[in-house]
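Okay, so subunit A shows up in both of these, paired with subunit B first and subunit C after.
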Partner chain A sequence: MGFPQKSHPRETTVLSKHFGDPDARTLAGWRNRGGYRALEQTLAMEPAAIVQMVKESGLRGRGGAGFPTGVKWSFMKPGDGKPHYLCCNADESEPGTFKDREIMRWTPHALVEGCAIGAYAIGAETAYVYIRGEFTEPLERMTEAVREAYAEGILGRNALGSGKRIDVYVHKGAGAYICGEETALMNSLEGRRGNPRIKPPFPATAGVFGQPTTINNVETLVAVPHIINNGAEWYKAMCLGNAKSTGTKLYSVCGNVRRPGNYEVVMGFPFKEFLYDLCGGPPAGRRFKAIIPGGSSVPIQTIAEAEATVMDYEGFVACGTMLGSGGVICIDDAQCMVKQIARLARFYAHESCAQCTQCREGTAWTTKIMERIEAGQGTAGDLDTLLDIADNMTAKTICVLSDSCAVPVVSGIQKFRDEFEAHIVQHRCPFRPATAAAVAA
Partner chain B sequence: MTEGKMISVTIEGRAVQVPEGTSMLEAAKVAGVLIPHYCYHPGLPVAGVCRMCLVEVEKSAKLAPACATSVAEGQVIHVHSDPARVARQGVLEMLLINHPLDCPICDQSGECELQDYTFAEGRKDSRYREAKRFNPVEDFGGDVVYVPNRCILCTRCVRFMEDVAHDPVLNVSERGDRAVIGKFEGQDLTHPWAGNVVELCPVGALLSKDFLNKARSWDLDRSASICPNCTQGCNTALESRDNVVVRMRPRPNEDVNKYFLCDEGRLNYRWLNRRDRVEFPHIRRGDALAPAGWDEAVEAAAAALRGRRVHVVASPSLSNEVLFQLAQVIARLGGTGVFRVRQGPEAPLDGVPGLSLRADRAANVRGAELLGFRRTETPLAGLANGDALLVADEELAGADAASLAAAAATAAAVVVIGTTLPSWAMRAAVMLPIANMAEEEGTFTNVEGRVQRYLQAKAAPGLARPGYAAMGDLLTALGDQTVNVVPSDVFRALAAAHAPFGGMTYEGLGLRGATVSAQAQPAALAAAT
Partner chain C sequence: MSAPAGGPSAGPRLTALDRAPRADAHERDENYQPVFVNARRKELDELLTRYPTKMAALLPALWIVQEERGWVSEPAMAEVAAVLGLTPAYVKGVVTFYTMYHQHPVGKYFVQVCTTSPCNVCGAEDVVRAFLKQTGASDLGATSPDGRFTVIEVECLGACGFATPVMINNEFLESVSADRVPSIVGALK
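== the complex of A and B ==
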């Protein structure tokens, strides 16, 4: 549902059905809503059969990359003699994204169940839930849910009486954006500085504590019990045309929009109707100018591009951006794009882990130029310099933080070049009231 | 190296075969191609952070970090293609935006990789128009000072302290462009090997306090040498300016010290510049020692020794060649040869097995033992009445006046060969001044039996001659028919006479050295008594 808004009739509430319902947080309440039936069922299945079922469902990673979950799970080779680990990425640090927070606030047992099934499917006895440091309430809810699950024998050395061991640990991050990157998360989990690792080796070969590890997003894992309960065919059917993107997706909508909140729609939903019907369109008297549809790291769309977009993995790519994490940031015509992009760049400059040269220096340099342009101090060559710096920052570093900083700058200059040039020519931000001195001149 | 699969790759048009698992950067070295890099160092774990070594791989969408990517069969790698070159230029520009560009006052200038690569491939100007980041200079303790404004955060120092020294004092503090190398609270770079971070630093961020503002790198003369300060035999480069040694640095040798040198060894070079050196041969005239010519002095020394048993007190820091010549003197005249070794605490470098600052603080203890000299704490004890006492480069520091007087009374004659003239040596009949190890060439045998050459780094003072030359003349004066006055000849004679050195040649040692056989037994001195 469009929490905290009322659910919209065109939503398909699978994961968000119980948002806002305090009773669903407790173990008893969750069991009344069908909780842990899927886990019971899977513990009687062969792990390979679960992986196959998830493969058939077409479920893809909801953290941003959209990699098929079943395929990812199949990289974990059973019987290699090593301990396997499941990591749940609950860092949700991407600006504009707040869906996992609501999942953990309202349905923590759904994630516990998803983790338990995922762990069993990949041959792991241990799952770690890495929760973003700023998420105090989700941390409390998850800790309480895990405690209840242990007390009831759902987790532990004899999970649900199956004789199989499944442990779930909740780990609190310390508040770094980069710890949402999977290998930085693993370093942080191990007690090291949260720096991304060089890949290869990939986590499936050497992840947490150097052992084979699968890492999944919260939304991905909570979808799994529904697939087990209702079947792969049911999940696969939730798509409006494109068979490569299936199921429902939670979108976090924020910015200049009438009804911000979390909305769950099936894959293939038209973005235009989503923005105007479900989310209520722009505030009164304004028009949408730009949309960042998948969290701050994806290319900015003009509203015209957004209105032509179909909401699934391929649909967003076809319209020059990405589905990403589903954090929809709406920007209306009263906003200065230069200022918005400068703010994004500042975020990335602050959060760069400082390993790679291009990211450490490039994010800060980009920020300084962007803020200088916004302050009316830009020069004619600045845009070319920004694009060249962005080129140096793209596809050259260990992780994609650097690329993520370059993306809004490049797409912003491409699509809103007139606003940048107005700043440079007028020596001030055209969206700010002119000073008396400037008017007199 | 030979086991496992070999992989064929082409780098800059040169086909090479390297073992499976070799990084592109190391494979390029085999092909004779230098891939510019900062954070990579063969003695440290791979970090892959400077992104300087990005290379273009045909049929690959992204540039690959050469240090962190293993070669794959059939790869065609371009180091100097446009995409790779442009990427490097981008890294160089970014590394310099916050750099103070203070090369004229930077110790690293002239041996700075940031300077070198910028000259080679960098932009001619910077597009950076903003304020530069500033951080104050910080004393890191030990011999190390940190200049954060010049730092490129390659993390070589952090990795050395953590993974090689196993003493994680350093870290990367802060994030983004505020990041600097930090020290953990309350800790200093006091590890006995911590000074290596200065050498590892590719730029002027970590500097030696000892060398600070002392010389410009382009004014220095460099000679391959061996650290004379313990039996480990770390390979070094002795750097001098105007005939003064100003710095000793590690020289890589995979078999001995990898890339490292301990702080005690590194900083203990000033004795090579002593100003109280004896510059002329001296002969006793009446109550005093008076300067004399070499011919006269050598003849006087031979006369003092001739017909007497000889008790030789030799320094274990003398070369194999000089010790061999001393042994030959003992062989001709009969007698004994002893040495003593200054002791100090051991200090291993945990991450490199077998590498340690050894308790024996002299370079050639093993060589002295193999050539038949006996280790003792009381070097004058074996002196018999009527013997000649020959003291070779040993100041007998710490010996009490009474025992020195007793020795002088016991000895029929005292001959001193050395670099200085301690007060007891005023009683000598003859004093022959020789060069110290920085002023001559020769070989040492290290604790593991590796025979290694060192080269001359500066000139000896006055008329002082290399030890092998002085000893060669003395042997001739004593009736020896073979004239061995160049070190390669002396070494040839040594190798012929002593089985552990059998088969070695001076030239064949090169700069890597060769090891005496494991079963090597000390020779017997003075066969002809």
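== the complex of A and C ==
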């Protein structure tokens, strides 16, 4: 449901059903709502059967890349004699995204249960939930939920009396977007600088502490207990026509929009109705100009493109962008695209871990040139330079933070070239009232 | 990264990390007393059971130091290094990677305002200006003359639907608009 908004009748609230209900946070409250039944059932099943069920459900990773979760889990080889680990990625720092925060704030036990099931399925005894340091309340809620789960014997050396050991630990990050990248997160968890690692080896071979590791997003893991409870067929049926994208998805809606918040809809929902009916459209007297539908790292859509989009993995790709993390950033006609793209470039420059030259230099120069254009000091060749830098930043680095910085710049120049050119020709930002100095010049 | 000259949005942007170190006694933390004794030592020992390596307790250990002391000084890094079997240089390498560890003392109230695009389009820069004005901090990253406030801009706080989120120490405020800032600051004084 669109917390802090009321649930909209067209939402399908599976993961967000209890958002805003403080009673659901406690272990007793969670059990009253059916909590930990799925874990009990899981512990009586073979791990391979769980993996198969998740595969059949069609669940795909909600952290950004959309990799099939069951397939990822099947990379973990049972009986290899090595300790296995599950990492839950709760670093949520992609601009526009704030769904994992609400999941952990309102339904922390859902994540504890998801982690326990995931750990069991991949043959791990330990799951680490890596939560960004700024998430003070989610950290508190999760710490408390884990404490309750240990106290009641749900976690620990004899989880739910099954004789199996499942430990879940909350680990607090310390401020770094890059630690959301899976191998950077593993380095950070090990007590290192959060630099992404060269792959291969992939985490399933050598992940955290050099051992086989699976990493999943918060939203991915909280979907799993529902699949166990209701079956793969039930989950698969939640889509509107495209069998490759199944289930519900939580979208975080923000920026210039009447009702910002989280909304949960089935895969295949029409984006136009989502934006206007559920989210209430743009603020009074304004019009949507651009939408960034999947967090700041996916290509910017014009509103016309967005209105024609079907909300699932393939639907967003068909309309020139990606589902990404589901962070829907709305930008209205009073905003300067150049300024906002410059601000995104600054974000990536600030967050680059600086290992790769293309990223370290590319994000910094992109920011300088973008800010120069925004300030009215751009030159005729700047757009070509930006595109050239973007080209050098794409598909050339250890992780895709570099590519993510190029994406808004390239799609922005493609779709809003007139705004860039107006800045360069007029030597000022056309969205800002003219100052005396600018008029004189 | 140095910011280019330009309009209001392109001004210099300082974080606590960007400030040049001052080598006065306060910054050298000469009177540092060990943190990992008694209850805090026990806490660390419990943390160590969670990981297969001692090094993995580094971020949690640094958090403990910052909770106790307000910032992470060089003597603190040396203590952390000693208890975890690392070198001080290694620990410093890690501390400098993460934005949330303060490498200098900060004001009693450390104010972090998100100004990344989703909040930016909702007026986050006005919120920053209002905080600077109300606290008397001369610039981003500088502490107010009364030593109470340090204001910085930060990147996405993961609460974009609640623009503009502001963190004051460990308190997370949602939906802060510029006109709410005077009462927020007033309540802290």
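For this structure, a couple of remarks:
The definition used in the following text is that the second predicted complex is superposed on the first by the 436 of 441 C-alpha atoms of A that agree within 3 Å, B and C clash if a C-alpha of one lies under 4 Å from a C-alpha of the other, contacts with A are read in each partner's own complex, and residues count from 1 in each chain.
Here, contacts are C-beta pairs under 8 Å (C-beta built on N, C-alpha and C of every residue); 3 or more make two chains touch, one makes a residue touch a chain.
Owing to the predicted nature of the structure, the values given are computational and were not obtained by experimental measurement.
By the touch criterion defined above, A:Lys368 reaches both subunit B and subunit C.
Contacts of A:Arg417 after superposition: neither subunit B nor subunit C is touched.
Of the two partner chains, subunit C is the only one that A:Ile329 touches; subunit B does not reach it. Counting the residues of subunit A touched by each of subunit B and subunit C gives the higher count for C.
In the superposed model, A:Thr357 lies in contact with subunit B only, and not with subunit C. When both complexes are overlaid on chain A, the residue A:Ile198 reaches subunit B alone and has no touch with subunit C.
In the superposition on chain A, contact of A:Asn392 is made with subunit B only, not with subunit C. Of the two partner chains placed by superposition, A:Lys244 touches none, neither subunit B nor subunit C.
When both complexes are overlaid on chain A, the residue A:Glu190 reaches subunit C alone and has no touch with subunit B.
When the shared chain is aligned, subunit B and subunit C each come close enough to touch A:Ala349. Comparing the two interfaces of subunit A, the one with subunit B and the one with subunit C have residues 176, 193, 349-351, 353, 364, 368, 372 in common. Within the complex, the subunit A residues that touch subunit B are 176, 193, 198, 349-358, 360-365, 368-369, 372, 379, 381, 385, 388-389, 391-392, 395-398. For subunit A in complex with subunit C, the residues that touch the partner chain are 4, 83, 92-98, 100-101, 132-137, 167, 169, 171-177, 188-194, 209, 252-256, 260-262, 296, 327, 329, 331-332, 335, 339-340, 342-344, 346-347, 349-351, 353, 364, 367-368, 371-372, 374-377, 429, 432.
Here subunit B touches subunit A in the complex through residues 46-52, 54, 61-63, 65, 68, 87, 90-91, 93-95, 97-98, 127-130, 152-153, 171-172, 174-179, going by the rule given at the top. Residues of subunit C touching subunit A in their complex: 1, 3-7, 9-10, 13, 50-53, 55-60, 62-63, 84, 93-94, 97-101, 112, 115-118, 120-122, 154-163, 167, 170-172.
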